[in-house]
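Each of the next two complexes has chain A plus one more chain, namely chain B in the first and chain C in the second.
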Partner chain A sequence: MLEVDGITKSFAGFTAVNKATLTVGVGQVHAVIGPNGAGKSTLFNLITGHLTADAGEVRLEGKRLTGLPPHAVVRSGLGRSFQRISVFSKMSVRENIQIGLVAREREELCFWRPLRDRRRDTDELLETVGLIDEQNATAGQMSYGKQKQLELALALAGQPRILLLDEPTAGMSPRETDECIELVMRVVKERGMTLLFTEHDMNIVFGIADRISVLHHGEIIASGAPEEVRANTSVQEVYLGRPAR
Partner chain B sequence: MKANMQIALLAALCLGLALVPLSGSTYLVYLATQILIFILFATSLNLLVGYGGLISFGHAAFFAIGGYSNAILLTTYGVPVLLALPGAMVVTAILSAIIGFFCVRLTAYYFSMLTLAFGQLVWAVAFKWRAVTGGDDGFLRVAVPEWLATPSSFYLFSLLVVALAVAVLWVVAHSPLGRTMMAIRENETRAGFLGVNTRLVQLITFTIAGTFAGLAGGLFSMFNRSLFPNSAWWLQSAEVLIMVVLGGIGSFFGPMVGALALILLNRLTLQLTEYWPALLAIILIVTLFFFPNGIAGLFGSRPAPGLRDERGEKSDA
Partner chain C sequence: MFGAIQFLNGLSHGLSLFLVAAGLSIIFGVLRVLNFAHGGFYMLGGYVAYEVVRRIGMEHGLFWVAVIVAGLVLALVAAGIERFMLRQLYNRDQIYQLLFTFALVLLIGDVVRIFWSTTALSVSFPPELRGAQNLGFTIYPRYRLFLCVVGVVAAVGLWLLFQRTRWGRIIRAATQDREMLSSLGVNVPMVYLAVFAGGGALAGISGALAAPALALRGGMDAEIIVECFIVVIIGGLGSLWGAFIGALLIGQLRAIGITFVPEWEIVLIYLLMIVVLVFRPWGLFGKKQAGS
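The block that comes next holds the complex of A and B.
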């Protein structure tokens, strides 16, 4: 489904991601783990084209994504969230969703008639992520956890075939984390999506991932099923040997 | 309910305005015509500044392009006004699209600086292309058709054109494009990763804003019966920007109030003092410090997010 082939990025001489290669199969739940500063977010931003790669290539269903602007990447069937919340914070939750639906229907250039309400689709998405009661709240004034839910709704708005979540549970309490993971897994199963996510919490990763790639100093040092990764000695050295997080 | 009330109020306002010529005062009719033209000019800029967050310092360029195009079509080529005005809009649309193509590639300050540069370029062309524009002598004796020759008939014509144009701009501001512009202003990255072609949205908005500034310029060329390169000069761009800020950035009707207020103040003070530029500066400073939401903000319309009050309307409707 998604192939990342030797992708590399340096910032002022510091190589943040070095020749990272990974493959995500259709319907897989694939986690990228690694200590803080390992380059997880950079890798994510390279895959989605938010950052321009120095070398390497990303393909989605055989189509080259590298070099495409964000909207073209999204239209290829990819949806993403951001580690640091990125919503339209001055707009209401409902208005946030409406922008997503306008974009999905490629209606953003339509200037000759007023915006349609899209009540049904909006309600459906709001119910999926559990924000129907907050629909009129101003996005930026909601709790952190609710904003994360909205972030997920926006990633889903384009009906992606592959969902990329960058640290979906970052900054959440243990209870919020459980709820968030349950929600993500339910939506992924319901919609038959492929999921690629980064995560620092080992328990979550080994609980839900089909495959795990371990990133260390910008390089993927292991990739495989959870048991293989757990058994990998270099992974144990750099990561599992130390207390989680 | 509230939206219908607003439309009814606006229709009543237009009807009321149509009665201005009955006052018998030519001065009043002239003044009202000038205000109408600048209301359209300011509203077109507000689409860019208020809804898109794109601060243009060169919007007068399109006013001048529309003005010269209309004047040339009417006078040099003898085209009837009902074709010349749309023709001027087409010319402005094409040039706005070309200039916009470069400008929307840049963000924030760089966008503003580039619009300023293009504005000055248009001024330079108007100044130097003497054979077509008349250069600094101006384009004189614009051939206004007979049926628009009296102040009253031209006023009524302007009222009709401006009302229609403002209605179109209202639809644009409330269309998916307008809403998407606001989203881009708030969070361009997020909009892009929702699948929005952010530059294309900005380019189309830039072109629409330019086109309607061109229509205002076309009306102005007939109102003034002449046109000078100064209509493209950056001070003209700054003045219309001040109208938008004074009236209230992002509130749809605010800039209209700004245009009205600024022109009236200008007229009043010119009778009393020669220090209009100094007064203009003071007005701007006071507005920015004490009424950042402009005159519209004073009356409870909260613009900056641009969305709050509109949502109120909808839930009432």
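The block that comes next holds the complex of A and C.
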């Protein structure tokens, strides 16, 4: 599905991501873990074209993504969310979704065509993430958890085949975290999507991931099934600090 | 009906000003670039219209051809500037963008001096709009009435564009979060290019329409940009509605100033700007945190 091949990125002499290689299979739930500053977000930004790699290559279903601008990467079938809240905060929930839908159909250049409401598609997405009752609320005034739900709906609007979520539960209460993970997993299963995500909560990671890659100082030091990674001594040393529970 | 004429003078001035200020405001709202050269675009639009009229005349509706050519030329000029120069500066400190657009001001000023020298030039009124119209309560120049109509049509048109079309929604979204927008699959650089070119076209058309109403000369760019800045400061940068109200206010204030305290006319406008800056620095219709 997604292949990251020896990707490297330096900022002013500091190598944030160093020859990172990982493969995500179709339908897998793949977690990237690592201490703060390990390069997880940089890796994501390299995959989605928000940053340009110094070396290496990213391929999605065999198609080369490296060098494409973010919008072209998205159109290749990839949806993503950011670590910080990224919704159009001054617009209503419904308007947010409609922007996502217009973008998907690449209609933004057909300005002469009237803006149809797209009631069915919009409603369906709102139902999926459980925001149908909040459709007229101003996005920026909703609770943190609900804004994250909207963000997921926006990522889904492009009908991606692979979803990249950067710390989807960051800043959430334990209850919001559980609901968020449940929602994400339900949507991923329903739509048969592949999921690549970063997460700091090890219970979640070992609870839902099929495969885990460990990033440390910008390098992937281990990659494999959860049990393998848990048993890997170098992972225990440099990341978990002690044998994992 | 002395007051009515002053009011109409203020209205036509304000509505013409809105056309220019709207482009400045929209460009700032989306690109976060304060385009000093917007007045230069306006001036260039006037000179392009002059040149077209000089070559093909203005009978049989040819003046409108000149106006459209001015809009197209300025859209192209703006598109070229955005695509090949300004685009390189988005990731730099804002001071570089300011310096760049200021350099454009000087450049456009020189271009005008080279091609059209420094003497003032004039374009006559298009034949279909010469003379005055009897409005019942007063008689008023047709061309100025026409400028009022254009301003209102442009305001309504822009409002519809932003509220009712895909483009409008995408552009409004771009003012809020460009990174997010690109992650939805929108070609954001293309949106920037279109907005800058559209703003350029608006300024070019405004300049062309203003040409018959005032003499063309180097320096008209500085005058209009100062007024535009005041309009958007009063209305709130990035707010279309604010630009509309701000322009109308300035128009009326100037008309009142000219009538009662002619030597203080321009001072009145600065005073209004200072009052707004002191009490509502984000403008009458702007957002509190915007404009940083």
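Rule of thumb we're sticking to: the second predicted complex is superposed on the first by the 241 of 245 C-alpha atoms of A that agree within 3 Å, B and C clash if a C-alpha of one lies under 4 Å from a C-alpha of the other, contacts with A are read in each partner's own complex, and residues count from 1 in each chain.
One rule holds for everything that comes next: contacts are C-beta pairs under 8 Å (C-beta built on N, C-alpha and C of every residue); 3 or more make two chains touch, one makes a residue touch a chain.
The shown structure was predicted, so the numbers you read here are calculated from the model rather than taken from an experiment.
After superposition onto chain A, the partners chain B and chain C occupy overlapping space and clash. Touch criterion not met for A:L183: it reaches neither chain B nor chain C. In the superposition on chain A, contact of A:K90 is made with both chain B and chain C.
In the superposition on chain A, A:V102 contacts both chain B and chain C. Within chain A, the residues touching chain B in one complex and chain C in the other are 48, 50, 69-71, 74-75, 80, 82, 86-91, 95, 98-100, 102-104, 106-115, 154, 157-158. Of all residues in chain B, only 171-172, 174-180, 182-183, 186-187, 189-198, 200-201, 204-205, 208, 304-305, 307, 311, 315 touch chain A in the complex they form.
By the touch criterion stated above, chain A contacts chain C in their complex at residues 48, 50, 69-72, 74-75, 79-80, 82, 86-91, 95, 98-100, 102-104, 106-115, 154-155, 157-158.
If you check the complex, the residues on chain C that touch chain A are 161, 164-170, 172-173, 176-177, 179-191. Of all the residues in chain A, the ones that touch chain B in their complex are 48, 50, 69-71, 73-75, 80, 82, 86-92, 95, 98-100, 102-104, 106-116, 136, 154, 157-158.
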